[in-house]
Amino acid sequence: MVKLGFLGLGIMGSAMARNLLHAGFDLTVWNRDREKMAPLTEAGAKPAESPADVASTCDITIAMVSNPEASHAIAFGKDGVIEGLSQGKGYVEMSTIDPQTSHAIAKAVRAKDARYLEAPVSGSKKPAEDATLVLLAAGDHALYDEMKEAFEAIGKLTVYLGEVGQGSAMKLVVNMIMGGMMAAFCEGIALAQANHLAPEDLFAVLDAGATANPMFRLKGPMIEQEQFSPSFPLQHMQKDLRLALALGEICALPLPTIAAANAQFLRARGMGLETLDFSAVWKAIQTVKP
Amino acid sequence: MVKLGFLGLGIMGSAMARNLLHAGFDLTVWNRDREKMAPLTEAGAKPAESPADVASTCDITIAMVSNPEASHAIAFGKDGVIEGLSQGKGYVEMSTIDPQTSHAIAKAVRAKDARYLEAPVSGSKKPAEDATLVLLAAGDHALYDEMKEAFEAIGKLTVYLGEVGQGSAMKLVVNMIMGGMMAAFCEGIALAQANHLAPEDLFAVLDAGATANPMFRLKGPMIEQEQFSPSFPLQHMQKDLRLALALGEICALPLPTIAAANAQFLRARGMGLETLDFSAVWKAIQTVKP
Amino acid sequence: MVKLGFLGLGIMGSAMARNLLHAGFDLTVWNRDREKMAPLTEAGAKPAESPADVASTCDITIAMVSNPEASHAIAFGKDGVIEGLSQGKGYVEMSTIDPQTSHAIAKAVRAKDARYLEAPVSGSKKPAEDATLVLLAAGDHALYDEMKEAFEAIGKLTVYLGEVGQGSAMKLVVNMIMGGMMAAFCEGIALAQANHLAPEDLFAVLDAGATANPMFRLKGPMIEQEQFSPSFPLQHMQKDLRLALALGEICALPLPTIAAANAQFLRARGMGLETLDFSAVWKAIQTVKP
Amino acid sequence: MVKLGFLGLGIMGSAMARNLLHAGFDLTVWNRDREKMAPLTEAGAKPAESPADVASTCDITIAMVSNPEASHAIAFGKDGVIEGLSQGKGYVEMSTIDPQTSHAIAKAVRAKDARYLEAPVSGSKKPAEDATLVLLAAGDHALYDEMKEAFEAIGKLTVYLGEVGQGSAMKLVVNMIMGGMMAAFCEGIALAQANHLAPEDLFAVLDAGATANPMFRLKGPMIEQEQFSPSFPLQHMQKDLRLALALGEICALPLPTIAAANAQFLRARGMGLETLDFSAVWKAIQTVKP
């Protein structure tokens, strides 16, 4: 059986590693903060000393860390993944990173005659726990095929999108549509309120029609109660909108609706709301009365 | 049993009238073009000579015509509804009309000691046939209560929104959110295509996440095939966006995301796409290559 | 010599009437508030009892009132201009009014076999006093020719734009460009400040280049000092932007830059700044810090 | 007398170098393409072999090249400026470069105990020839003082803006305002045309009022004739708008009017107009008729 390694046991990573264990995989784990490894090793995972240790002892190593900088460090740092890789081994980067970082890692992995797959995920804590993530894979197709069973253990849908970078691009497209929907939603709630329509009536009507979607259903009542504890922080959404607009710039593609939505998220950042949930853009969209 | 009248047997009206018949209502119908009355009278409805005729012989008269002008004509014209109304009778205007027209009709109805309810619907041909419309009622509450059974025969959800004008306002809010979502969706498809991502992969990913909604599911493949036979014409969506922005102007509420979306729909109108489905905004959003 | 009548002696009208007197015209004046007539009659103007009185005793009557409602009242009210007009007389409406009102007055004037010219002005108090207004004339061309000398006494440029309504349309185009420039200017000042660049350095650089214009030169320092006593109230600019966007809707012409600028002015209105100068849009454009 | 060096003899640089010669400066010149040096050496300038040669033989070296890459190469390349600098010498970078490149050069210059000033210019070919450029200086203040006479020989206004990077930032602010003005102007021309108003009447009215500026005066007639030979290429304006928006992102400052204008310029790029003058954004703003 294939030996899997897993690097990064934060909120997302620990849930995903647990689901791999449940599915019966031979799993070796590592986390910068060693204490977070205990629950997994108690559940049957083998502990490792470093990313290099994981990469050299496993057939395929998965990484799930919090940002491009962490991803870069885990790959290129001392005792990092690149050191541990050798011919034929696989490295699957599932963190959300920019195409540049993904390309840099891919190049280093290939220089070791190893194989690289990026597979950023769409979905947050709950879908990670429920094994209902959506995986946006791109890179080595043979490695993708070998990961089939593992991907099924952590997600409900995996799409293969082509060359390295295409997974990140798809994630930006999806998040930018989500950001545009949220801005349109909040502008609608504001217009409803300004016309003395109850937000809950609006939510009921939206949920009964062609616009019905889990995001409005979940976030609507939280917006009404101004309950903004972060499941996807506003600053991350604004960054994704910026990166999507930048992707559009490269293709000479104007995205004016998204640019306007981005300005609303930026206004929210300027109001100091960047660490709240991205639905807190509501605060920037409501009219300010003197 | 309450005697119901129904004015306007177009695509929407004929489906709604048929559902009222199926539910066992005593129904009298009238349509400007008499030929369209035949299928309904064959199914058991009584024919009438004029809107006034319907209004004077029925307890409650329902109108479902295509625009504010037709709504105005059917109410105030010669042999119109107002002529036929008398004390205690009810008039339920379900056409999509602007608040001004609705208020004018309400005033005239009340001057005859009759009762007025506006109940514009959210949903198009299919939901009308399937009796799954969403009804946005506002006005006389007692009349609303009396219509309960009839509304259940044609829709899956009815909300009561308060004073005359609130139904129309809710409809504008819902349609403006729908228009904003469509613009964000098309900008996303364009960005995906420009980055060599297959639209069907995007649709699959969107449909597996928090953004999943019937509109994207239905319209996505039609956009990809540029199949734009109208179920909700683009010019009507653009008009609703304009009216929603105008409602925002009155409340000093900026709606910049919607204003940007509206510009995309206007561009589509300028390209001569106004009679196609509103998803044809896609054609205005794609980059024009030289 | 042609006998001129002048209706409306507010800030603009009194300055214009005075310039006509200075140019030697035989002038009859009227104002709703009679006290404002004294300075003009002391300077040589003849007083009149009503708009109808002016219209019947003068060859050509000029109106300069504050809004479409006042314009409508002065024309159609009891003892209004229409009552006093007769064959061959001229009516020159210089108030800023919408095309609909202008068309309605034109029709009534022609029904009396009299002639109508609209000539809204570009410019505010100072240009009115200095006789440097810009006049946007449209309507009866013979009347336009007869007004040549009078127009020269109050303005520095008169353009003849064709049919009734074209003068109002030009005014909206000019004001919408002005509003767009002001929004771009304020966004630039905000970006300068956020980067620790002194606004006065920005003003100096703008004034030395291709962008140099009287508006930036005048308003820049006032914005820096947040001195917003109104010379052109913000609510009027926002209304003109709305009307320009509405004109674009009719022609299926998207104006997204102006729509975004309009949202900034609307935001300012929502902040309660509507009676300040239109440069107070600055307050809505500055970032809000927590 | 101070010995000046000049690197880069393109359209801008050759005009500036010529003005320095006319003002009596002792000038040494270098250009990658040696043939372009001839007109200057014939007029009295001394030829040099390389940027290092200029930097080592002159007290102060000025660079005026076409983009950040050329600027980087001329400084850091073999026989580059950095090689030639020594204690107390000055380097004045007048090319339009991004703050990052400017900071990198500044650091290297200081490492040689030399002094650095950035001084990007506002203005194009004509102002360069007429010595009416606007200079946006930032960096070493003593060097700025020493350059006073030289700056007066090539420009009509020099502002000192503080630390390295502030000159570039000011240039972006100025160009972004210019881009916003151009978009508003073109949207206005389009609205005028759609309402059968002659563009030349609009230009006359704008030029007689508070909006009068050299850019509208020059570009208006060229837009009307669709004469777009580049004096400032559209792709450069779009890039500057993008960089200004990016500067806003860093400060959490939304710039929605500029974002909407940027989308119009991007649309123009998508239409293949990137090498034309930036006023060719007109082509993207006009309505497309089917």
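Labels for the chains are A, B, C and D, by order of writing; each one numbers its residues from 1.
Everything below uses one rule, namely that a contact is a pair of C-beta atoms (placed from the backbone, for glycine too) under 8 Å apart; a residue touches a chain by one contact, two chains touch by 3 or more.
Model, not experiment: these values are computed from the prediction.
Novice: Consider the two chain pairs B-D and A-B; indicate the one with the greater count of contacting C-beta pairs.
Specialist: More C-beta contacts join the chains of A-B.
Novice: Of the other chains, whose C-alpha centre is the longest way from the centre of chain B?
Specialist: Result for max centroid distance from chain B is chain D.
Novice: Roughly how far is chain A from chain B, centre to centre by C-alpha average, rounded to an integer in Å?
Specialist: 39
Novice: Measuring from the mean C-alpha position of chain B to the mean C-alpha position of chain D, what distance in angstrom results?
Specialist: Roughly 55 Å separates the two chain centres.
Novice: When you check chain B against every other chain, which residues touch at least two of them?
Specialist: Answer for chain B, listing residues that touch two or more other chains: 248, 251-256, 259-260, 263-264, 267, 270, 287.
Novice: Sort out for me which residues of chain A touch chain D in the complex.
Specialist: Chain A reaches chain D through residues 242, 248-249, 251-256, 259-260, 262-264, 266-267, 269-270, 274.
Novice: Applying the document's contact rule, which stretches of chain C touch chain D when the two form their complex?
Specialist: 122-123, 134, 136, 156-157, 159, 161-162, 166, 169-170, 172-174, 176-181, 183-185, 187-188, 190-192, 194-197, 201-202, 204-206, 208-215, 218, 244, 247-248, 251-261, 263-264, 287
Novice: For the complex, which residues does chain D have touching chain B?
Specialist: Interface residues on the chain D side: 256, 260, 267, 270-272, 287-290.
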